[in-house]
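My questions all concern the structure below.
Labels for the chains are A, B, C and D, by order of writing; each one numbers its residues from 1.
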Amino acid sequence: MKKLKPIEQIKIREKMSVAELLESMKNSGVLGAGRLAKAAEIYRNMLSDKECRIFLGVAGAMVSGGMKLIIHDILENKQTDVFVTTGANLTHDLIESLGYRHYQGTPKTDDKKLHDKNIDRIYDAFMHNEVYQGLENFFKKTLHKLPNKEFTVREFLFELGKLSPEKSILNICYKNNIPVFCPALADSGIGLQLWNYIQKNKLNISAINDLNEIIDLAWTAKKSGVIYIGGGVPKNYIQQALQISKGASYGIQITSDVPEFGGSSGAELREGISWGKMQPEGKFVNLICDATIALPIIYAAVKGVKRGK
Amino acid sequence: MKKLKPIEQIKIREKMSVAELLESMKNSGVLGAGRLAKAAEIYRNMLSDKECRIFLGVAGAMVSGGMKLIIHDILENKQTDVFVTTGANLTHDLIESLGYRHYQGTPKTDDKKLHDKNIDRIYDAFMHNEVYQGLENFFKKTLHKLPNKEFTVREFLFELGKLSPEKSILNICYKNNIPVFCPALADSGIGLQLWNYIQKNKLNISAINDLNEIIDLAWTAKKSGVIYIGGGVPKNYIQQALQISKGASYGIQITSDVPEFGGSSGAELREGISWGKMQPEGKFVNLICDATIALPIIYAAVKGVKRGK
Amino acid sequence: MKKLKPIEQIKIREKMSVAELLESMKNSGVLGAGRLAKAAEIYRNMLSDKECRIFLGVAGAMVSGGMKLIIHDILENKQTDVFVTTGANLTHDLIESLGYRHYQGTPKTDDKKLHDKNIDRIYDAFMHNEVYQGLENFFKKTLHKLPNKEFTVREFLFELGKLSPEKSILNICYKNNIPVFCPALADSGIGLQLWNYIQKNKLNISAINDLNEIIDLAWTAKKSGVIYIGGGVPKNYIQQALQISKGASYGIQITSDVPEFGGSSGAELREGISWGKMQPEGKFVNLICDATIALPIIYAAVKGVKRGK
Amino acid sequence: MKKLKPIEQIKIREKMSVAELLESMKNSGVLGAGRLAKAAEIYRNMLSDKECRIFLGVAGAMVSGGMKLIIHDILENKQTDVFVTTGANLTHDLIESLGYRHYQGTPKTDDKKLHDKNIDRIYDAFMHNEVYQGLENFFKKTLHKLPNKEFTVREFLFELGKLSPEKSILNICYKNNIPVFCPALADSGIGLQLWNYIQKNKLNISAINDLNEIIDLAWTAKKSGVIYIGGGVPKNYIQQALQISKGASYGIQITSDVPEFGGSSGAELREGISWGKMQPEGKFVNLICDATIALPIIYAAVKGVKRGK
């Protein structure tokens, strides 16, 4: 056993910056605090490694959870190279970019009463059902402008991003040429709009052709780094692409899931070593924490960090 | 407040049957035991309600977790009408139907050593990497036999099921005419085989056209009941279809996720009332439990129950 | 790596007994099902090992959770040698033995309304506040009968058990000569009654002298086995006594806690090996499951098992 | 339903202070981030309310988790009036005050190897077993100096604090006249030292007499506020005292436990309203988060805040 590092007790100072707090947490080096600091450090490592291609997977409904601008910042600052997410995130983001809002609610409210008021609940966030009308109007005027071709989901989202409002994930990714993958696009509010559209129109989006591009991105990377906010399909889809590559050299996972139930979302990153999805010598951290707490803190430490050149 | 029922203490007898245990748990009526019993009861209710269309969503990698034969039984006994699942479940099931096995491992094993032995780890289950060769052989000889058309995922899985080994989920569903939906099919070992195939062949599977059928199944149901084993895309995809209907009358959810982190997987079923996905007067239960414990117990209570006529 | 055992898929048969279900779960050998079966097996091992002294630690408020009769059965059948628990369990058990009941409630009920109706809530169990009057009456007539001496908590509970109603934990342990430890007795409804009593009377119960007896029980055991239902003080108190011994040879832990947050309740039993609380070659299982589900199932498999002779 | 507040998306700026981050999280108002900000706000409210008596309950082994100096700061700055904790925290703190350290380890290390090296593991923290020799020396020279009387645990810890090293919790509390309660003192390393001492000496510490003082502190408070870091006995012991009072007006709970399993540790604070432990109109927040992440952040926002006068 190599020489052990002592746990430096975390010391709080008034007006401390988030970066200073993380520095102190890093020196404690244990439990969630230690892992949070390590996550920020690994993200810095990825950003400064000019050979590293970063794959960011964001599950859940993080936009209605207040994480929208952090995601926007990461994309605008090109602090990821590939973005894999759920239809839910793209839908809620589009809703806000169209001028609608999400609201602070409570999980205790009677859901029947909410239904009578046309309010949809996402745990403690509320959304007026009228947003669907806004979405419908947007898609009604937008989808007809798309080229008539067989799309991959990534291509479709690229074209949709071109026509999406500024300050939306899709438009930001379009402008910054960041590929957006959404393997279960149909499973979302956007999916429902596309269903609406195909009642009278033809829309050809392939369920599998995206694999060519995501696997190519994994295969051609000199090194790769992964960041998983939540697990779900975004994590697994990136992991799977890495299996057809030399495996990731860096990895950060933030979930509320634990490994003991055996699911992919909670699986420790080191499990990926057995599959060849992760490098045995890679730098990894698994942080079990509400992402709305962990992500802002980590991002506060890397916001201004430029990519290695 | 209506008259309260006392908690009857659970009483164990030697050689007790699972059904008797559930009866005792039902009379306790609280915590996990009470909810487990309620889940079995609601499944019975669904089965005996001849107007009820049952939607079963199974996330995760349940086949490598020992749940394969229970899923087979449910499908063969037509104890669900619609099956929505992950590519992982279909892949691991296909692997076993091709003659391969999963093995009892441990989560502590060094993943580097497993990798060197070509063993893939799924928490405490191990799988020899050679299964991929078996999958490849199967798909190599099978995919060329498929009709040349634009498939929905459901149609593709139906055709694949026709050519799949007996005692596989896909073949059982084919024979019993149970539609199988897999919204993120690309995100799985089957997905990788399809990627392999499209390197030299054309395969047209739509990412969105399945919505027509799943929504139609929700829309045309006199009543509907949902069973979610794990959350993820299978749950959300069914929930979304129900939003375009009158909402489910029965619901069972078994997850290791909790509601407090705001994700769809852990969201209580009553949240769906606000969205119109669930009937305010429906019978619902949310059970937080390892599905490999809860599902066998529940199924032991309903195995022989025939559908209402 | 030794030869791997395949995962046998769990097969449900109609009218299956709990023991048969556990047998099938044992053959699956993975995840919660595998661990549940292993827990039952290890309990059988402990019972049949005539050199094994069994320490049972039960945290939480398991009596209001429907586990009372299982605990009674374990004690009456001498399927443990030592019982360590919380004041909450002793209090709720005493309440029922005095003729009061707990009731099936819901966690959603407005707590202000419950307060106005003099109902106390324990998640989804309700209790009428009047039980405290019953407790007070019991202690008023009982405490004066106790010998005037310096008690350990164990001795006090023994004397109290002598005067407690039949079919109470304390009385059963008194009759069966099973020592009951309750390190935080003051932290309970019984504690409040004692506080009431000492307003006018003297009662000398030592906070530390029990350590002599529990450590002696650990020290003099040829072998020891531990069963932890929940973590908390009962687990830690037994673990600590084992540290002054050769370490436990068998261990079962059932908690809803996970190890990743670093607390004693969720800590895996193998952690105890580093401390000398557990034998490196011992048989241990950590099961993460609602105890109201796991305990009845495990107990159904060992109910009739006699101690080794 | 009153007018809803929109969720303001969290915005990260470079070199942001922790306080500024919390301000942004407060404006998001949902999920963990919203609750974390609310916790900091409620702590500020408690500190500025001159009628409020603050009860701080700290469970677990937080000192080996890096939280020691934050606890010291809270006590030195009199940001709590009453301190209730576990023997584990007092023991690990005393160990460090005697010059020993805890070390950064990993949960994956083989526990048998650690045992052979005399290293004790607390998840990912390591401790040399030699600390017990240091503890023994300290108690050997200290306990004989204590007055010969019947102590409450609180009185005993006060006297012990007088003789404890500077920069220890007990000494800080002694100097600042903050009562320290430790209902399960025997269940700890300090407990083991006391057991060692009573092999040849008499030490009379009451298991129940502390209730007089803690209940008096609750009863005589004009208002009370509670802060629970972890649940366990510290939480329940404070809650119980509040039951014999008008109930707390402020409450903060940070746990890794969830309410759904029915235990006291994870129970939402509002449950206390039914019992009369909490005021129906009180300000409460339940935050499910690793305390080593949440506590430093919250404390960064209140470090310099003086008590209301």
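Here is the rule we use: contacts are C-beta pairs under 8 Å (C-beta built on N, C-alpha and C of every residue); 3 or more make two chains touch, one makes a residue touch a chain.
Just so you know, these numbers come straight off a predicted model, no measurement behind them.
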| item | value |
| --- | --- |
| Pair with more cross-chain C-beta pairs in contact, given B-D and C-D | C-D |
| Far-end chain from chain A, centres as C-alpha averages | C |
| Computed distance of Cα centres, chain C from chain B, in Å | 35 |
| Chain B and chain D: spacing of chain centres that average the CA atoms, whole Å | 43 |
| Between chain C and chain D, centroid-to-centroid distance (C-alpha), Å | 25 |
| Per-residue overlap in chain B, given as positions that touch at least 2 other chains | 30-32, 65, 123-125, 258, 260-262, 288, 290-292 |
| Contact set on chain C toward chain D in their complex | 59-61, 65, 88, 107, 111-112, 114-115, 119-125, 150, 153, 183-188, 191-192, 194-195, 198, 203-212, 215, 230, 232-233, 236-237, 240, 243-244, 256-267, 270-276, 278, 280, 290-292 |
| Contact set on chain D toward chain B in their complex | 30-32, 108, 258, 260-262, 288 |
| Touching residues on chain D, where the partner in the complex is chain A | 1, 4-19, 21, 24-25, 28-34, 36, 64-70, 73, 96, 101-105, 109, 113, 117, 123-126, 288-294, 296-297, 299-300, 303-304 |
